[in-house]
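Should a chain be cited, it is by its letter among A, B, C and D, assigned in written order, with residues numbered from 1 in that chain.
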Amino acid sequence: MSNEAILHGSSAAVHEVHGDHHHEHHHHETFISKYVFSQDHKMIAKQFLITGMVWAVLGGLMSVLFRLQLGYPDAHFTWLENILGKFWVKDGRITPEAYYALVTTHGTVLVFFVLTAGLSGTFANFLIPLQVGARDMASPFMNMLSYWFFFGASVVMLSSMFVETGPFSGGWTAYPPLSALGSASPGSKTGMDLWIIAMALFVVSSLLGGLNYIATVLNMRTKGMSMTRLPLTIWALFFTAVLGVLSFPVLLSGFILLIFDRNFGTSFYLSDIFVNGVGALPNEGGSAILFQHLFWFLGHPEVYIILLPAMGMVSEILSVNSRKPIFGYMAMIGSLFAIAILAFLVWAHHMFVTGLNPFLGSIFVLLTLLIAVPSAIKVFNWLTTLWRGNIRFTPGMMFAIGFVSLFISGGLTGIWLGNSALDIHLHDTYFVIAHFHIVMGVASMFGMFAGIYHWYPKMYGRHLNNTLGYIHFWITIAGAYLIFWPMHYEGLAGMPRRYYDYSIWESFKQFGDLNRFISTVAMIVFATQLLFLFNFFYSIFKGRKVTAKNPYNSNTLEWTTPIRPGHGNWPGEIPEVYRWAYDYGKDGREFIPQTEPVGADESHH
Amino acid sequence: MSTSTTAPVTTKWWSGGKSPFNVEYGKLMMWYFLMSDAFTFGAFLIAYGTTRFATAGWPNPNEVFKSYPFAGENANAPLVFVSIMTFILIISSVTMVLAVKAGQEMNKKAVVNNLILTIIGGLAFLSCQAWEWTHLFHEGAWWGRNPFINADGTQSTTNFTNFFFTITGFHGFHVFSGVIINIVMLIMTLMDKFEQRGHYLMIEKAGLYWHFVDLVWVFVFTCFYLI
Amino acid sequence: MTMYLILAVIVLVFLIIFQISKAAEYVAVLKGEEQNRKNTNKVNGFLMVSFLVVGLIGVWYCNKLFFGKTLLAVDSASVQGERVDSMLWITLTVTGVVFIITQILLFWFAYKYQESDKRKVFYFPHNNKLEVLWTVVPAIFLTVLVVIGLRNWFYFTGEPPKGAQEIEVTGKQFGWIFRYPGNDGVFGKKYYKVIDAGTNSLGLIWQDNADLNLKDDPATHDDIVAEQTMYIVKGKPVKLIIGSRDVIHDVGLSHFRLKADAVPGIPTTMWFTPKYTTEEMKKITNNPNFQYEISCDQMCGNGHYSMKGVIQVVTQEEYDVWMAKQKPYYLAAFPEKDPSNQKTDSTKTTAATTVASSLIAKK
Amino acid sequence: MEHTAHIEHHAEDGKKEVMRVTLILTVLTLVELALGFWMMKIEAQGTRLMIKGVIVILMMAKAFYIVGYFMHLKHEIRNMIMTIVVPLLLFVWFIGAFLYDGNSFKNLRMTYDSHKKEMSTKKVEKKEEVKETPEVKKAVE
């Protein structure tokens, strides 16, 4: 085509200009342009990370609060009343309104603000340009916007906690009619409006980010960095971005219809409703299940949006610290791809008990259990990567191993829940809580910790305190199992989730002691995370300085940049790449960086 | 396809250092944005379809959309007005293509002319939609209000109008932002921004967006007016 | 006071941990990073394998403590539940074996292959045979599980045997309403717009309504409506037709191993055959307070946790006795139509009529 | 210079292509409209369904021309076409599953809600509708 010539020429030119441009300017950056409205992907990554950490603390604190209620239903915490106020705590007990608001916000915040923005937002921003060999994201400006939309979403979400009628309290899945009718639940009034606005802003943020990540991975790879030479982190983050770009819009549509139902008298999701104290509503002809379909069309890919980046980072960290190539690189990409595709096809397995058409349900069972195959491939490949390696237990590596352990434990119960006949029994019990917290919540958290410990030297030019890291790891993994493993038993007793109090239930009240135990462990684990936070912030200023450019003897490109890279990442030319990222222990050499040309006498694999 | 400008077959598109698709990142992002937007519209239309499949009767579009401006109360001309709207959008798409082509030839004057025509097309479409909405509103239709009965004479739910106003409204919003984008493009062209840059790539991206709006209308038109 | 004490202890623990870590850091710098890494490596390698051992013992101990409290410890209370239980055991066996093997491998490898100067790593980037092996083997096991699962799924979601009792269950914030079809065996029509929280909780169409274009449906006149407790017969399949009056609820029957959502506007169904009466279950579970509870398993508002219903499984005779005592719901709303009322006191009837008519007028 | 000549040559081709595609789109739309008009007179559900099917196919054809030529996708590199077309295949299952379950909602309502079933066949009296419209109009105004 006529413009291709121009384009081709100019795209190369743009590339060069881009780099030079930053060189000239990065000396006279102001505080605002460097730390606040920064367009440097590394700074934006740190912004995502720290905002995510703030949310993680808040979300964790929420879980501690509602665990207080579950663990000590008879105790009276009068001091809480002074801190939190009458809406939240009455007579020393957390009120049901507050309990449900806490459960809901805990879910929303952890799933979206911590594990989506905090995890994939941080590491996609930080690692993609560094590992593919680019000066910055394709569009640094949109990247900046992406963070600020996330920030806006955070502000709105936070403000929803303080409205008079209380924050949204209908569960993070926000099923209508409960979420659509302010008269059915006080939390569904202003709190819900703010919740939706926050989520809409969040969708915009994740779209801006996702488009950028895709374009960067495709277009901005340095010379020689073919797709099959990319580290697995990049592959994982790439698929994550694709999942986000294609599934978040569906959620947005679902929310828009919900907004209309809430405010403009439509009945997309409403039909045949009589609310106590209000009477019969005029809405007819909608279907509440439609929202669930739309929600889970995002909701299921969302699980993998959370999990894939952790998988990618774990693959990289396991390989680096075993001093061995990742086993089955192509199979790893293939299984990531398979998971990404299947993620879009299985959404209704969250809806087996909604009256889903049985035939349709059977196809969803089939597709759902198919996911176990690529997951199994990944697990066995990780195990084989460890096999006959030379393992260095850095804190990052420990968390990576912890991730694999948790992924196995949580993934296997997925086989129970994906099978609809069993799901009928286990649906919405503590079994589900145990399953998804282990496989998606804690495992992804472990992936995130692994990433932070591993790349912290690159982020801040200093080391984290390793001893604190080890303490953090051992308490967290032991705690995670102690909290969530016994929950399987509660689930097998049919104990429903999202209950404020079990004392009136003859069938479920036998777990009072266990609940107290779980709550206590949860508090200890939460306190341990504060230890990590302390380590994180203390080390930014006082940590041991990094002295070597490549402290782990790692192959990937980020370790070829200066210890504290400026905006533009490489001071000179971007290095060229000659090999894949996993030549560890090849031909008797400990590691061969990607930038080293393939020698004439090198063996093939 | 041009052969001289496409790289020879031996080129390794994927080996890094260049775009594997031979497009600059902005265009790539626009494409993927449009895909994600397609999922937004797709979700709306699929929700509409699901509701229709879940509902026993549905109003006959030919009974609903049978009027056109200045026709008076008893007009009975189904499909006429909407086909005018459709053609307006198709023509504005054509002028947009011509603007893009002119941009590739660095022909500023043609770009300006075609952009103006496109903007006029967009505004005309929006006016048509505004008329149709007001007309329906005066017939008693709005979000949550449906004066039309089902084609088989049974009582209808309000979801016909709910979906109609939501989806055409969302499409209209896209047309509106497309017009704004085109106006910005026009101003930038007039200010010689693209001449200075040496290429009219921005116009191409705006064009992609505009055609997408047209594309969505193809689906909306079929779903609401024809079947 | 204890509050401050706890806080002080926490701060103290933090400080101690911090000081130790800082000291360790200094030692590391003094000894050299290399040496330090090797030392911590040994400790962590040992901890890895200890974690495995302690963890597996923990799994066993946890099972010992809690297995008795789960439903698996007692027999399923429905015929269908037996299938769920057997499926649970099969799935548990398969996943349990995989769990133990992979966890042992993971932590054992971590321990065995910890860094050592002597070892040379084995460059092993891929092996097609192995990869195919662990693609195919899981696929085979999953196929088996899917086949078992789908057979059960179609059985559970299919139609109950002929002669099943039908009961309509309606959820509301926060309780359950049950309707039995009465003598004619037909559920009368209902429409939510004529619901009256007091006298017509389900919106049965039992009088003409010109505004809503409704005609009195005589089939409603003998329908029996009860709240909170549902009576069903042991050994007789029962089909529940489930709906909701306001938001989404869920009929959770953990003892019968089944559940189904109650969705406003879209009826759902579920059927099962109870195996034991409530009295028998009291003996089986050794719990004199035993009840078959209906738990709401779908978040439905602030009273979600208290939305409890009870199922009384009784013998056919007991059921017949109970049923004979029930009066159609229609007669509660229109006492003047009740033949037993008409005979007794005429003044009472007129009073009731005025109440009823005033109620109608209100609407 | 060769380069500019080349561009002009292509510009000519391009214009022709645009006109051709415009014509095709116009014709497709006209056929759709004709089918729409024809459908108004047809009562048989089977035939109506068939016409609707044809309209959907025509719609896809129009979409193909807009995306392929106006949006230029046809002239992009094959890989790019794939990255855009392949994810759109997700719509097949997306649409299929949603509509199937939608239909299932209707079946459940018609089976278990005898009132809804009755209403789905009960005609609204025409008189009422005429009465209602001016009323609503007044309310609106």
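Following the convention adopted for this analysis, a contact is a pair of C-beta atoms (placed from the backbone, for glycine too) under 8 Å apart; a residue touches a chain by one contact, two chains touch by 3 or more.
What you see is a predicted model, and the numbers here were worked out from it, not measured in a lab.
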Chains contacting each of subunit A and subunit D, listed by label: B, C
Counting C-beta pairs in contact for A-B and for A-C, the higher total belongs to A-C
Quick one: report the Å distance separating subunit A from subunit B, using the average Cα coordinate of each chain. 35
Cα centroid separation between subunit A and subunit C, in whole Å? 28
Rounded Å distance, subunit B centre to subunit C centre (Cα mean): 47
Distance between chain centroids, defined by C-alpha means - subunit C, subunit D (Å): 42
Which residue numbers or ranges of subunit B touch two or more of the other chains? 1-2, 5, 14, 20-23, 28, 35, 42, 47, 50-51, 54-55, 104-105, 145, 155
Return the residues of subunit C touching two or more other chains; collapse runs of consecutive numbers into ranges. 213, 243, 265-269
For subunit D, residues contacting two or more additional chains: 6-7, 10-11, 14, 75, 87, 94, 98, 101-102, 105, 108-109, 122
Chain pairs in mutual contact under the definition given at the outset: A-B, A-C, A-D, B-D, C-D
Under the touch definition given earlier, write down the residues of subunit C that touch subunit A in their complex. 3, 10, 14, 17-18, 20-22, 24-25, 28-29, 37, 40-41, 44-45, 47-48, 51, 55, 58-59, 62-63, 66-67, 69-72, 81, 83-84, 87-88, 91, 94-95, 98-99, 102-103, 105-107, 109-110, 113-116, 119-127, 130-131, 134-135, 138-139, 142, 145-146, 148-150, 152-154, 156-158, 172-173, 192-195, 197, 203, 243, 245-248, 250, 252, 254-255, 257-261, 263-269, 287, 289-291, 293, 295-306, 308
Touching residues (chain side subunit C, partner subunit D) in the complex: 187, 189-191, 205, 213, 241, 243, 265-269
Going by the contact rule at the top, pick out the subunit D residues touching subunit B in the complex. 6-8, 10-11, 14-15, 18, 22, 25-26, 29, 32-33, 35-37, 39-40, 52, 55-56, 59, 62-63, 66-67, 70-71, 75-77, 79-80, 83-84, 87-88, 91, 94-95, 98-99, 101-103, 105-106, 109-110, 116, 119-124, 126, 129, 132-133, 136-137, 139-141
Would you mind writing out the residues of subunit D in touch with subunit C in their complex? 105, 108-109, 111-115, 118, 122
Using the touch definition up top, name the residues of subunit B that touch subunit A in the complex. 1-2, 5-7, 12, 14-26, 28-29, 32-33, 35-37, 39-44, 47, 50-51, 54-55, 104-105, 143-145, 157-159, 162-163, 166, 170, 198-199, 201, 204
